[in-house]
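Chain lettering (A, B and C) follows the sequence in which the chains are written, and residue indices restart at 1 in each chain.
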Amino acid sequence: MYAVTVFTQLCIYAVLTLSLNLITGLAGQVSLGHAAFFGIGAYVVGVLTTHGIPFAPAWLVGGLVAAGFGLVLGSISLRLREDFLAIATIAFNFVVVAAFLYLPYFGGAYGISGIPKPLGNAGFPLLVLATTLGVVWFHERARASDLGLAWMSLRESEVAAEAVGVDVRRFKVTAFVLGTGLAGLAGGLYAAYIGVIRPEDFGFPLSVTLLAMVAVGGMGTLWGPLAGAFVLGGFAQAFAFVHNYQLVLYGLLLALVMRYRPQGLLGKLG
Amino acid sequence: MTVLEARNLTKRFGGLVAVSGVHLRVDAGELLGLFGPNGAGKTTLFNLISGTLRPDEGEVVFYGEPITHLPPHARARRGIARTFQVVQAFGELTVLENVLTALAHRALTGWLPLGRYDAPVRRRAAMELLERVGLASRAGERAKNLPLGLLKRLEVARSLALQPKLLLLDEPLGGLNLRESEQLLEVLLALRGQTTMVLVEHNVRMALPVCDRAVAMDAGRVIAEGRPEDVRRHPQVIEAYLGEGEDA
Amino acid sequence: MDWQTLSALAADGLAVGSLYALTAFGLTLVYGLLRVLHVAHAGVYAAGAYAGWLAFRGGGGLGWALLAGAGCAVALGLLLEWWFYRPLQGRSPLVALIGSIGLFVAVGDLLRILFGPYQHSLPVLPPRTVVGPVSLPQLVVVAATAGLFLVVYGIATRTPLGVGWRAIAQDAEMAAAVGIPLPRYTQLAFALASALAGVAGVLVGVYYNQVYPTMGAVPAYKALAVVVLGGLGSPWGTVAAGLLLGVVESVAVAYLGNRFPPEGVAFLAMMLVLLFRPQGLLTAEPQG
């Protein structure tokens, strides 16, 4: 049973890192606020299912709402240079968490509890697995497609991408919408899986963790983000006894990998 | 037939007038050379034609259609290709993938173009282009590992992948040694007649002889136009270059 | 609102704003030179605060605490410049940013492991009022900040170092080409930035009478907001923005109380500036 729990958690991380990889690894747009979209998907499911709406539509709505906010952030990103964009995404994360804390219907600091888990303890992990496989499939499809190549070209040189006919603005937005929408779906799964969600679960530290997973694993590839998710995510789960030293080890790991192997443990980007 | 016409283009940056009332005409099949000392406005003019910059006054007309307000990617899709003064290769992509980016442009419609970018048809076309510029043997290498001379050729191949009706070359010989310059010029000469080209070049000695027609600029204005030999001997042109110690 | 309350708010706002300015100044200075957000700067700040506390524990007064704080911060800052930022200079700024965040997290947690997760008090100054509603800590903070920035101003305008920094910030290649020694000037910038942060850390500890491991977190975020408001790369804009933010926050907390988190002011202002005036409130030309 414990193995299933860990596995479910790791799959959710995997969906998150792959979705972030679309935005940051492939399209090169720094997002330090990805946890916010995870939270939006989670809260939509949390609010809707605790008011009687069945999981399936709530889940999809969660993904769509997250993608909608992703559209906003994507549009904002068009006006900002790389470093400003990073800051803007951080600010966005804080604003979203503040919204969860202070707006009505979200339960304030206590969050939302009693979120029902569909399909029972046997069926739900299968849903998570299926979703993960679906996201992997989509990620690989995108990476091998004209869209993926357009993303990578604008990541490397926006001006050259424009010169070969890539509508840089449009595809930046596409990256955000797709990446955040998938994060929203991950959020819906998380809410149902864990049953209780609180604003601080979706804060900046999680965004940093996700970016770290992608960066340490290796941005832009398939196995990089997956490795990052499983290694860093599994790290926390498996070594509960290092819980006291988790942050310092984790921070050092980040610093060391960036310092000595910036392309990530498995990646090609440098 | 007139491929491109720039009418009364003016561009200011704050108090500086980079380009002032420039008229330019490019005819089909010709290789037009654009010369002038540093700061004459040549690259700005290129940026106005390619769409990277919008003019404060004037218009750009391509095959009779005004394109002044089209963004660069739209102009690229209509057939205006360009290379950059500071090479802009896609560093992490392979040489082959660099060319494939341009070959994908027709398929980039809508918001989710999910067709494979390396379909066999495209790979073949890309390899052909690489052969034309002599880079076929390096197709699998990451572009960031290539020396400057080869990157300049890669940019040309990438531009040709657009099947352009107009190719703008911004200082293609910049940073190249003699041998590399000769090799690149060979590539360009092979295109003569089929592709309409405009060449901005600082290295007047090597570039002027290959042009069909020349235009000289200084301080944002066109100061001479006509056959290369005539432009070279034009008193204002000589003076403009003497002012920076260049021999024409 | 009466005069008494207003001047109390102003005093608090200026003091807090001074602390923001001291912290954020270094961040902008480093950004101007390296084009990287030195998030670990907040870790340097926290380390400085703890060093000051240790000095106080060892029997020292305010002066020793400040010296210890500045010294420790400078040492740490220079170490980071040498080990981490310099080797990563050619790389994508994203690499340095992520690593810097890791360093910040690690330093903060290391402080917790070494000194415990509790707050420690730093009662170096009695909180009594001195002039009207202005308290001694407030006076010390503002005076120290003013003094330090006077020195910095002198360095910036009258020494080749200041000229060099401006040149490097504008065009690093050109600056190197005309003979400005980039590595040494960068080190000196880190030293100055860290010294200011260390002093700020100690002063914060004194002002709020507490040092704790995660005390770098809020300044990290606030410093980002200040830097954006003042204009990324504009050191004096940052100073002005820091003071402004301090005052606005004081007033906002007084008026809005519980209905709006005080951090929200900084972030809201930051988002608005990013959207409508990304070059900052106080710089003239858009930077890019």
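Rule of thumb we're sticking to: contacts are C-beta pairs under 8 Å (C-beta built on N, C-alpha and C of every residue); 3 or more make two chains touch, one makes a residue touch a chain.
Computed from a predicted structure; not experimentally measured.
Q: If I average the Cα coordinates per chain and compare with the overall Cα mean, which chain comes out closest?
A: Ranked by how close its C-alpha centre lies to the overall one, first comes A.
Q: Return the chain whose centre of C-alpha atoms lies at maximal distance from the corresponding centre of chain A.
A: B
Q: Between chain A and chain B, what is the gap in Å from one C-alpha centre to the other?
A: Comparing mean C-alpha positions, chain B is 41 Å from chain A.
Q: Find the geometric centre of each of chain B and chain C from their Cα atoms only, then give the gap between the two centres in Å, rounded to an integer.
A: 47
Q: How many angstrom lie between the centres of chain A and chain C, each centre taken as the mean Cα position?
A: 31
Q: Going by the touch rule set out above, which residues of chain C reach two or more other chains?
A: Touching at least two other chains: none.
Q: By the touch rule stated above, which residues of chain A touch at least two different other chains?
A: Residues 270 of chain A each touch two or more of the other chains.
Q: Which positions of chain A touch chain B when the two form their complex?
A: Against chain B, chain A makes touches at 141-142, 144-150, 152-153, 155-157, 159-168, 170, 174, 220, 268-270.
Q: Under the stated contact criterion, what part of chain B meets chain A in this complex?
A: Against chain A, chain B makes touches at 50-52, 71-74, 76-77, 81-82, 84, 88-93, 97, 100-102, 104-105, 107-108, 111-118, 158-159, 161-162.
Q: Flag every residue of chain A that touches chain C in the complex, lowest number first.
A: Listed in rising order, the residues of chain A that touch chain C are 24, 30, 76, 79-84, 86-88, 90-92, 94-95, 98, 101-102, 208, 211-212, 215, 244-245, 247-248, 250-255, 257-259, 262, 270.
Q: Please output the residues of chain C touching chain A within their complex, sorted ascending.
A: Per the touch definition, chain C meets chain A at residues 31, 35, 37, 83-84, 87-88, 91-110, 112-113, 221, 224-225, 228, 232, 260-261, 263-264, 267-268, 270-271, 274-275, 278, 287-288.
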